[in-house]
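Both complexes below contain chain A, partnered by chain B and then by chain C.
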Partner chain A sequence: MSVTAPPPRSPYGRLMTGVLRGTIKLDVVINRIYPSDFNPLYYTGGLANLFLFVLVVSGIFLFFYYEASLIGAFASVQYLTERVPYGGIVRGIHRYAADGFIVAVLLHVFRNWFTDRYLFARDNPWISGMFLLVFGGFVGFTGYQLVWDERAQALTAMFLAMLRTLPGGAWLARVFIGGSGISDATIVRALYLHIGPASALYILLWWHYTRLRHPKIWPPAVWVLFCVGLVFLLAGVIPALSGRPATPAAQPTAFPLDIFFLWPFWLMNWLGAAGIVVLLGVLTAAGFAIPYLGWRERPQEMDVRHAGVAQVIDGNCTGCELCYYDCPYNAIVMVPSPAPGFSRAAANRTLLAVVVESRCVECGICIGACPFEALELPKFLERDVRARVLEAVQA
Partner chain B sequence: MAALSVLFAFGIVAGEATDRWFFGGALVGALLIAYSVIILLLRKMGVVGPRKSER
Partner chain C sequence: MNDPKVVGFVCDWSVALAPLLDGTRLRELPSVRVIPVPCSGFVRPDWLEDALTRGADGVFVLGCPYGDCLNREGNYLMRDRVDQLRRRLQRRRIDPARIHDRTAFLAEVRAFLDRLRALAAAAPKAPTKMPAPAAAEGEAR
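Now for the complex of A and B:
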């Protein structure tokens, strides 16, 4: 049994180890600029949550003024932007917070990928996080549809071209626009496809958090002020405005591009509709498959999963809940104690810790959390630790 | 930064008084960013910070 993990064997493993070291070095550099509890890279998930909250609040405001019809959609957005006090600012906030959300989510994805936080029991947050990214991207696209200007018309036509390359694409296209051609039903469906998946984001967030004991769901005040200030500032300096109103005769060939949401439509210039569908399918499948590709070392190869699932020593457990709060994998639950413990400290307990085996990653954090020696890793006992320390010292 | 914040606050009032909503909104953003910089500077100077137990 070696003391340090063996070096990665595969080229992918070596690459990811290099990226991991680079990420940690970046953390060190940023921690010199900001205090470590203000490091924004530690709060990428919280920042995404903040932007999502801003999106929901500003979106509710916009919803009250929006009219879901071919004629009314553009006019209502124009009225909101130009006539409603600070309506244009709220629209800009909604638009720039959406960009902020995608940027924060992408930073979160890459950081967790580069730091191997998708392995073992963390595949669950990874999968829910990928759903959040996909849903977020689609919600952004339908948001651009709702304005119903020439850009929205062109985007709708391009999206329909993508849908028609799929099996059953003609049916999907009919469902998407609500009939054989663009009508009021198209705008109503766009509104539903904007608000429905946006609401689903909170269900996905619940799934995302459910296996994490201490998720950092909100950034520090300094970043809340900065991010909210930034979207206000951008909304005022570079207002979010509509293009020319959509008309059946209009055939726009160029439109302003939001690179965070509309990049697939830009790539259609070279790849065509079918190429973009294939590209999006491959990227999505690869993103979901990352925890299961097996290119990273197996747990046995990494020499980390050999300790056995944590076990509670019934007689010593006092029901203090320290292990329950410290376990980052939600692998310990507290149940009513069926009988008192054996030790003096455990004699009056009311709760007993129980390890959920399927969630335990054998990290040993609970061992460190317990002051009563009531937990152990059965294949990695204290005497084994002592032997390994002595072995290392002698080496 | 505090003086700048006061300037931004006057700008917000001026924007509201003249119905220049984009101007006022942008200055709300500038004011919030100035506050965030003030908090960061106070933290770097050690005036505010984590509780002793968290240091």
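Now for the complex of A and C:
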């Protein structure tokens, strides 16, 4: 563990290091304005969760008025927007909170990618996060379908074209629209495909949070008020409205675009249905592969930051649970002690700490927590640290 | 005291140390020795105490900004542990101002050195010497 100039990086590593520097510089600018605890970029996950909560609440309201049929869908949304008190506002809130959700999620993805928060055992939250992103994007798309105006009709046709380029595409298309053609079943399926995956987001969130000791699931109050206020303001200033109603004869060729959810359909102008399927497939696969293939640094460049999974020194562990309470990744569990430890403090223990290696991110926080010298990082031992302290004070 | 001897534990995620270092010393502040650690939460308070009692004039721990620890909570935990250590040292009459736990870097380290110098000027007795226990009890609590 020497402090020397690091070995040269790969081109990808240099690029990502530049991106990391940019991200941190942005943080530094924001931290000059706010105390760092209130930096909104430190709460992108919490902000996404906040927007999701707003979506669920407003979505339940919209659901009471929605009628899932070819004739009723458009009319019920119009009734809601124009006749129900504050209905148009709630619809706007649902619309703009969805945009806020996807923006917060993308910030969360890129920030955690750029700042190396996918390393070691963090692949688990990364993978669940990719599922959340894919599900969230799909839910947004089916939300635009539900309005059943000309845009919804065009989107459905384009999505069917995408499905048909896949193997077994004809069958997938039948499943998606509930038969060989557009019918009432199509709207019922769209409603299910909106609410079903949206509910699944909470299962995925449980997976996303399950290894975190104190997940930051909610941003500070000022940011909650700011985001909710912004959504209300947008809903009032730019009302969310339907286009012309869908009719079997209509062949819409243009529609207003929501860039956050519908960009693949915009790119279809140039890439074609098959091209978009390939593009989405490649992006998704690359996203899932980042924690395995996309390391900014090679392991040998990481020095003390890659010092191995923490190990419990059985003989010294007193079962005091301090490491168990401090581990931010729930990687330490306390088990009934099979035998007493060797040291005097450990002789009467009833519990023993065990590191769950598949959860450990090699941070060493448990070493700082342990007053009994019962934990070590294998490649950066306590005696190495003490030797360096000695060297520093004697020089 | 011109050059307070300082030992710094620096989270290797928080600062790109290589360009600032000359061996293990800071190039601009050669009396400061730096020990890179994988997270500020890795530092066991014992080690800070150890450095102080073995002759360091001051120690500091440096991590990411609060709220942005790469390991989620390491810097908050370190802050709590340093607070505990400060109380413990107060009871033993080692001046807790000699421990520094903050998140900016060179400027902070400079300011810390200035504070140590001021501290040394204010208290001419070597602060590492432990007074008799009876005297210590009076002010501890």
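FYI, the second predicted complex is superposed on the first by the 332 of 395 C-alpha atoms of A that agree within 3 Å, B and C clash if a C-alpha of one lies under 4 Å from a C-alpha of the other, contacts with A are read in each partner's own complex, and residues count from 1 in each chain.
Assume a residue touches a chain if its C-beta (ideal position, glycine included) is under 8 Å from a C-beta of that chain, and two chains touch if they have at least 3 such contacts.
Please read all numbers here as calculations on a predicted model, not as lab measurements.
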item: First (chain B), second (chain C), both or neither touched by A:Ala369; value: second
item: Partner chain(s) touched by A:Gly18 [first = chain B, second = chain C, both, neither]; value: neither
item: Which superposed partner A:Val228 touches (first chain B, second chain C, both, neither); value: first
item: Touched partner set for A:Asp37, first chain B, second chain C, both or neither; value: both
item: First (chain B), second (chain C), both or neither touched by A:Tyr86; value: first
item: First (chain B), second (chain C), both or neither touched by A:Val385; value: second
item: Contacts of A:Gly236 with chain B and chain C, given as first, second, both or neither; value: first
item: Chain A residues contacted in one complex by chain B, in the other by chain C; value: 37-38
item: Residue ranges of chain A touching chain B (in the complex, touch as defined); value: 34-35, 37-38, 85-89, 92, 221-223, 225-226, 228-237, 239
item: Residues of chain A defined as touching chain C within the complex; value: 1, 3-6, 27, 31, 36-39, 42, 115-117, 212-214, 303-305, 307, 326, 328-329, 361-365, 367-371, 377, 380, 382, 385-386, 388-395
item: Touching residues (chain side chain B, partner chain A) in the complex; value: 19, 21-36, 39-40, 43-44, 49-50, 54
item: Residues of chain C touching chain A in the complex; value: 5, 7, 12-13, 17-18, 21, 23-24, 33-39, 41-47, 50-51, 54-56, 65-68, 70-74, 77-78, 81, 103
